[in-house]
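These notes concern the structure reproduced below.
As written, the chain order gives the labels A, B, C and D, with residue 1 at the start of each chain.
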Amino acid sequence: MTDDLRYPIGPFKVEGRLTDEQILQAINEIAEAPARLRAAVDGLSPEQLDTPYRPGGWTVRQVVHHLPDSHLNSYIRLKLALTEDQPIIKPYDENEWSNLADARTAPPEISLDLFESLHRRFVMVLRSLEPRDRDRTFVHPEIGVVSLEKNIALYAWHGRHHVAHITSLAERLGWR
Amino acid sequence: MTDDLRYPIGPFKVEGRLTDEQILQAINEIAEAPARLRAAVDGLSPEQLDTPYRPGGWTVRQVVHHLPDSHLNSYIRLKLALTEDQPIIKPYDENEWSNLADARTAPPEISLDLFESLHRRFVMVLRSLEPRDRDRTFVHPEIGVVSLEKNIALYAWHGRHHVAHITSLAERLGWR
Amino acid sequence: MTDDLRYPIGPFKVEGRLTDEQILQAINEIAEAPARLRAAVDGLSPEQLDTPYRPGGWTVRQVVHHLPDSHLNSYIRLKLALTEDQPIIKPYDENEWSNLADARTAPPEISLDLFESLHRRFVMVLRSLEPRDRDRTFVHPEIGVVSLEKNIALYAWHGRHHVAHITSLAERLGWR
Amino acid sequence: MTDDLRYPIGPFKVEGRLTDEQILQAINEIAEAPARLRAAVDGLSPEQLDTPYRPGGWTVRQVVHHLPDSHLNSYIRLKLALTEDQPIIKPYDENEWSNLADARTAPPEISLDLFESLHRRFVMVLRSLEPRDRDRTFVHPEIGVVSLEKNIALYAWHGRHHVAHITSLAERLGWR
């Protein structure tokens, strides 16, 4: 049950290569993520924003602030992979970041705007990629070699995953 | 002369510790940078945007797209320093990033919006720092240990530095 | 762990001004660096010379050839700072230099000799500096203003840093 | 007459492309320069070392110390041109460098050794160049675009030029 709450759309899974169509769809999902996040938190009260999406989990507010933080890192890894030969990227501690004062207390609008403007630039770069760029890679010290193709699929999933944390909570608690 | 064009407000320089007032002023300069950038490029034509700010230098457009790219990296270094013990950060190749398609051709609005929404979050974090946080550090592989205090001063300078590239070009060429 | 291997003597760090004694010690460390490097590689086989000092890092051979390349640049920055008013120096791409044929394949003796004869001249200049010369500066385009005082401390650290890459590898692998 | 003393082997002149044979010869001249310099000053007294090679010109000692300083800069320009796309190099003020304490007073052995070990590395790189590398270029802010081919010819001339300052002086004054 905890696992269900944790993975409302299931865990990330990709096997083998993606088709051109799957890549296009993943980029479209990234493009739509900011509007979906905005809709998910629209009209929520401060108390609702401070409700954990699952027992022991982040609050809705923390989820909102996590998304641009995470995708900023992803955008930077994309650019590093495009400009260096298999760079080793710097991971970050998402739990520690989510416990900083801004992530616990800031109004959601700040991150909704940042997520939206970041994704416009992010999607522009993704749409400008040549097919061969999808095979460019970076190294994550704990995960190993990651291709841009796989990373695009990962962040399409990641946006939908966290938005579903909020929408499934709202449904369970009868907020909608 | 080339050197003057490169450093319209002089190179970055900080000696010893900053006073509380100097820190506050630096954070205010970071807060104002997006509006100053927007004003500097307001009404420029595509031809003007594609003019190098000095012979052999980046175009105005590349300068505009460089600023959020650079300050995204700086925001991430700030968060890393706040959540890890003297983390080693990942540098990026600013010239290679500026030669990617998006930096050479994208409309400036994309980066003006991103710079603005990023700085709202960035400044919120900076204003939430405790005095002792200023002594937190990260390691830049080529530069060594950098304190947050010094880094705040650096990015206050960095925003003014690049805006001055644009405003001094506009003045030299009689655009204003 | 990777980080430990990268910084066997810790990252470079200097705060505030150096005392006369600290400056003298730093110059002595620069003077001793060539002998320490020679001792560190003495008797190593070609296979050992071509072993990376850490996974994904430079080989011992590349470290040996990097040192005179790096300190040649440092010597030139020193002379530029002594003969011009805050000159803007030209950085170099140490990774690209280390991937050139000579850095990957040349016998270490060539660089051991060059490092030794360069440091004799370098140290002679450093010992001839007047106290006020330590405040002379150059500008590194990405780092900002750097004083000679700070730069002396940096290159004392830099020589010990790279020699420790070799000696710590030799210890880990039981070569000594 | 002054001009004759200044240019004992004539000014540098190269027109059009060099043949493979001319390139090989130029590299050989660079390889032989340290031995020729050592022979030229062998056995000179301190008084002779402090004699200007022409009225108002550098002393023999300054000429000796100038050669490694100049060729260190040339080696760095070579590496920059091999690792960057038409880099803008940093010129240096050879007269100011020659007026520093080390250039006016240091024993010649320091620079004879440095010149010799530097040229071993320099010549190794020159001999490893692919034919197409000769067309790589750097930009000298005052001179413009310089190809490696032309630069090889220039430094072959430059070594012979300064050695001839010393040998022609020794001949005029009957030291040999």
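In the analysis below, a residue touches a chain if its C-beta (ideal position, glycine included) is under 8 Å from a C-beta of that chain, and two chains touch if they have at least 3 such contacts.
Note that the structure is predicted; figures quoted are calculated from it, not measured.
Undergrad: Considering only chains that satisfy the touch condition with chain A, which of them also satisfy it with chain C?
TA: The common neighbours are B.
Undergrad: Among the chains, which one keeps its Cα centre farthest from the Cα centre of chain D?
TA: A
Undergrad: Taking each chain's centre as the mean position of its Cα atoms, how many Å separate chain B from chain C?
TA: 30
Undergrad: What is the distance in Å between the mean C-alpha positions of chain A and chain B?
TA: A distance of 25 Å separates the two centres.
Undergrad: Using CA atom averages as chain centres, what separation in Å is found between chain A and chain D?
TA: Taking the mean C-alpha position of each chain, the two centres sit 58 Å apart.
Undergrad: Of all the residues in chain B, which ones touch at least 2 other chains?
TA: Within chain B, the residues that touch at least two other chains are 88.
Undergrad: If you look only at chain B, which of its residues touch chain C in the complex?
TA: Residues 3, 6-7, 11-14, 16, 86, 88, 94, 137, 139, 141-145, 154, 157.
Undergrad: Which bits of chain C are touching chain D when the two form their complex?
TA: 68-69, 72-73, 75-76, 79-80, 82-84, 87-90, 92-93, 96-97, 100-102, 106, 110-111, 113-114, 116-118, 120-121, 124-125, 128
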